[in-house]
């Protein structure tokens, strides 16, 4: 029988050991990415196109392609998320219908990313016959962003006090006018934050776009919607498969570092957007 | 606020329009993207085509997009009209032709390559420098699992296989195993591209794999083939003379509705200038 | 230091004193919550801590069993003794200390288990037979005037009880450990008036065997239950003394004003 | 006075815009499922019996999904077996520590880590973890089921840690204080009061992490070795393997649309979606279910 005091010590040691291990893992991950990435990053690397299957040259088109796809995805997702959130929060009053809507959103959020790729491959690339197209990639990423953007917007709308709505109705505004003048402006921070978080997540996605929107080499600035682009995640994938080549590996770290910097940029933007756009009434 | 909202509607409108256009230009996969040539397929052919494409783009300003994906994928995308040219390191199979019987395909050889059984340098240095087809087959079928059986060190054989759709694998299986679809129960690891195969062989100290000559290096050593007439070394000369048995043509495939731009690029690859890129990639030129 | 700040009602002989404070103070970061408190808690009777909000009553109570140890920025000045041992000594076993100093909080808080399990929750490290357990539960619940309410449903979840019953369960839980002192931080603040009266009576009963130190905002209640009174204001112990004495003719006008008119000048 | 001021003409258009957006959002999940379902026909009519086999050989019409299903489950179990205890113990330390600074540092590091794209974890797996595993265990390759499990454990650790820490911090202080006032040791307070109180949220965190582990593609695909075979012996995690996601990532590109091969892959994808949807649904249900009286009284 171990005494209570001894158990206390064992337990404390276990949590301390766990903390130590976790901190080591976190430090290793961050350290590896920063150290290896910093070695590979240079202005040339960021602004030159890649050569020799990515093992030489830079990642300019990959950065461009990634930004093109996710920003377009954001533009597609924004109006959908806004409209859907207004409908969910201002029009659906039936609890069961609300539940169903939320369930659909949570469900979409839980779908593995490769499934979105599979879905896009079947529906767009094959059934609609679009071929490899960056725009299809943007549409798929927009779908992936929808739950995040909707949930953030809906929760911002939930934060608007009922008196605002009652006052608007009392002034004779229709439901649409209330939505347009009161609800949407007051919940804009939710939409923007949600979208930016969605963008941060989407830009790192590989599986959804690797079969439908990206090309290995030669892809530059697309001249039509139905052309593939190069992206950072798929570039890293191609380079990671040549791990025996130090030059390729070095560029993979550089591309990873850049990708994470972009993710961090969107996340920080989300953080500041939330602070800046939060309406005075809710600060 | 209004502004943002209108903007939203505008974007939605554009999105819908774009989706409609995309759908409309789909159909039976008629490529619409004017002067862009889209190519995908075998990672074996890729280095040659990619180099040629870079050069061609520089000379003419034409846009050529090259994608990896394996011979199977390359054919599939071409047949479905998603690309203009497919790269293959094996022939089109009867099943593939049957599946897309409504199209006719033109196959052009742009170079020649040899696949060799290759081993980790440690094994090669320990004295295993040649194997017969039967011996390689024994390894992949799981009948032999130690290098000592071939005069090597007393170490388990680590057999690296490739994905079934890969051209390299099908050529190797057809010639060495005698059946291109033969599964390899003795395999310990399956990789995709030539790069991955190279990495796996280099990282191991007792591995055997199948690799295109162009990927052989100091860590990954191709073996001579033991035949009734002695050993055939894995050299380009032996490939050229036809003595080395596991060779294949590097192919590009087009559909009957090939675009002029794609045709022009193929002509460039076949020209003496284009063929230098094939040689640079480590392969043998055609027409020589 | 004026003489009046000492408890004059008991002799300073240690065997009559459960807890004594010497120049005791509590700081959170840079702000002083309590300072220079000198007091003795007698071994019997109900001692009531009174004073306006923010006087430091709860802080003092929570410092005595070191329950506030985990708050960031907390620092202690002076000395506090429990049964002659220094509470804030380095070698003081906090766990044992807390087991001997029972505490009941403002809001009742039962654990989501059965009533009996709640009573036995603090009894650790001793092997007890079923019969012993039953005895302890019965005694503790009787001591907390709850036995008649719940003896037929000891296995039911404790959170099904009313707030007043839950608060008495908390008292029973503390009593099960046979504490040497019972600290009560406004124990009647969250319960209905009837339960509050029951708990007041309980405190009087408990005060006959062990020292009970309680905080209250309710002066009427303080009058009903107090044997001794400590008057705190703005982190200082203003006056302390026998209840009858304090309520009728306290030495300081400040104390008189507060205890009679519930108005504080400090 | 005109009390019947007509709605502006844009009202109806706006309303339909809201409605259509909502319908799109709500229907996409179902559309995905139906699209996938629609492609499973060929393999179901072709050779359904082979699906339950252990041999995957599209050339011979054999589509045994058991090795992939097994791989997915084993990799997930390894990841959870490592990440859950590690995450919960670490979360306990962070939640109970008095150092606000340590807590702040770790929490922001976790935010950063949660944002690292999975392909980068794959790169770390290829460049470091698989190499370490191969060297440490003296194996020919580090592309193993175990490696995939390790990578996934690292990937889901931030999720588990963050959510568990939240759950533990959300346990009302009053519960801890009451337990401590009874003379309980810290570990007794945690094990007997805090964890039981937070168990529902911790379970939900586990389920979410489980879903993420099952659905993860890139990192797994790069390190698992793509061997479509059950390991032998069956629990040999030091052999290469295949998960549903890595199979899809590797083979979708080369299977012809509409073939039995393609539809077998789609079927695997469908199974994966159904499993992960069940897990997320269960987690959401646990989080949303407003629990019993105790919490309701004190929150």
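In order of appearance the chains are A, B, C and D, and numbering begins at 1 in each one.
What we mean here is this: a residue touches a chain if its C-beta (ideal position, glycine included) is under 8 Å from a C-beta of that chain, and two chains touch if they have at least 3 such contacts.
Remember, it's a predicted structure, so these values are computed and weren't measured experimentally.
Undergrad: Weigh A-B against B-D on C-beta contact pairs and write down the one with more.
TA: Between A-B and B-D, the larger count of C-beta pairs in contact belongs to A-B.
Undergrad: Counting in whole Å, what is the centre-to-centre distance of chain A and chain B, each centre being its mean C-alpha position?
TA: Roughly 34 Å separates the two chain centres.
Undergrad: Taking each chain's centre as the mean position of its Cα atoms, how many Å separate chain B from chain D?
TA: Going by mean C-alpha positions, chain B sits 34 Å from chain D.
Undergrad: Which whole number of Å gives the spacing of the CA centres of chain C and chain D?
TA: Inter-chain centre distance comes to 49 Å.
Undergrad: Determine the centre-to-centre distance between chain A and chain C, using the mean Cα coordinates as centres, and give it in whole Å.
TA: Between these chains, centre-to-centre, one finds 54 Å.
Undergrad: For chain A, write out the residues touching at least two other chains, lowest number first.
TA: In chain A, residues 4-5, 79-80, 82, 126, 180, 241, 243 touch at least two other chains, as defined above.
Undergrad: Provide the list of chain B residues touching at least two other chains, using ranges where the numbers run on.
TA: Chain B, residues with two or more chain partners: 9, 12, 80, 192, 203.
Undergrad: Multi-chain contacts only, two chains or more: what residues does chain D have there?
TA: Expected reply: 17, 185, 188, 253, 257.
Undergrad: With touch defined as at the top, which chains are paired up in contact here?
TA: A-B, A-C, A-D, B-D, C-D
Undergrad: For the complex, give me every residue of chain A touching chain D.
TA: Within the complex, chain A contacts chain D at residues 4-5, 7-8, 11-12, 14-19, 21-23, 25-26, 29-30, 32-33, 36, 79-84, 86-88, 90-92, 100-101, 103-119, 121-123, 126, 143, 146, 150, 172, 174-177, 179-180, 200-201, 203-207, 210-211, 233, 236-237, 239-241, 243, 249, 252-253, 256, 259-260, 263-264, 267.
Undergrad: Chain A touches which residues of chain C in the complex?
TA: 95, 124-125
Undergrad: Going by the contact rule set out above, which residues of chain A touch chain B in the complex?
TA: By the definition above, chain A touches chain B via 51, 53, 75-76, 78-80, 82, 124-126, 128-133, 135-136, 139, 180-181, 184-185, 188, 214-220, 223-228, 238, 241-245, 248.
Undergrad: Taking the touch rule as given, give the residues of chain A at its contact with chain C in the complex, in rising order.
TA: My answer: residues 3-5.
Undergrad: Can you check the complex and tell me which residues of chain C touch chain D?
TA: 65, 67, 70, 72, 95-100, 102-103, 105, 107, 109-112, 121-122, 124, 159-160, 163, 170, 173-174, 177
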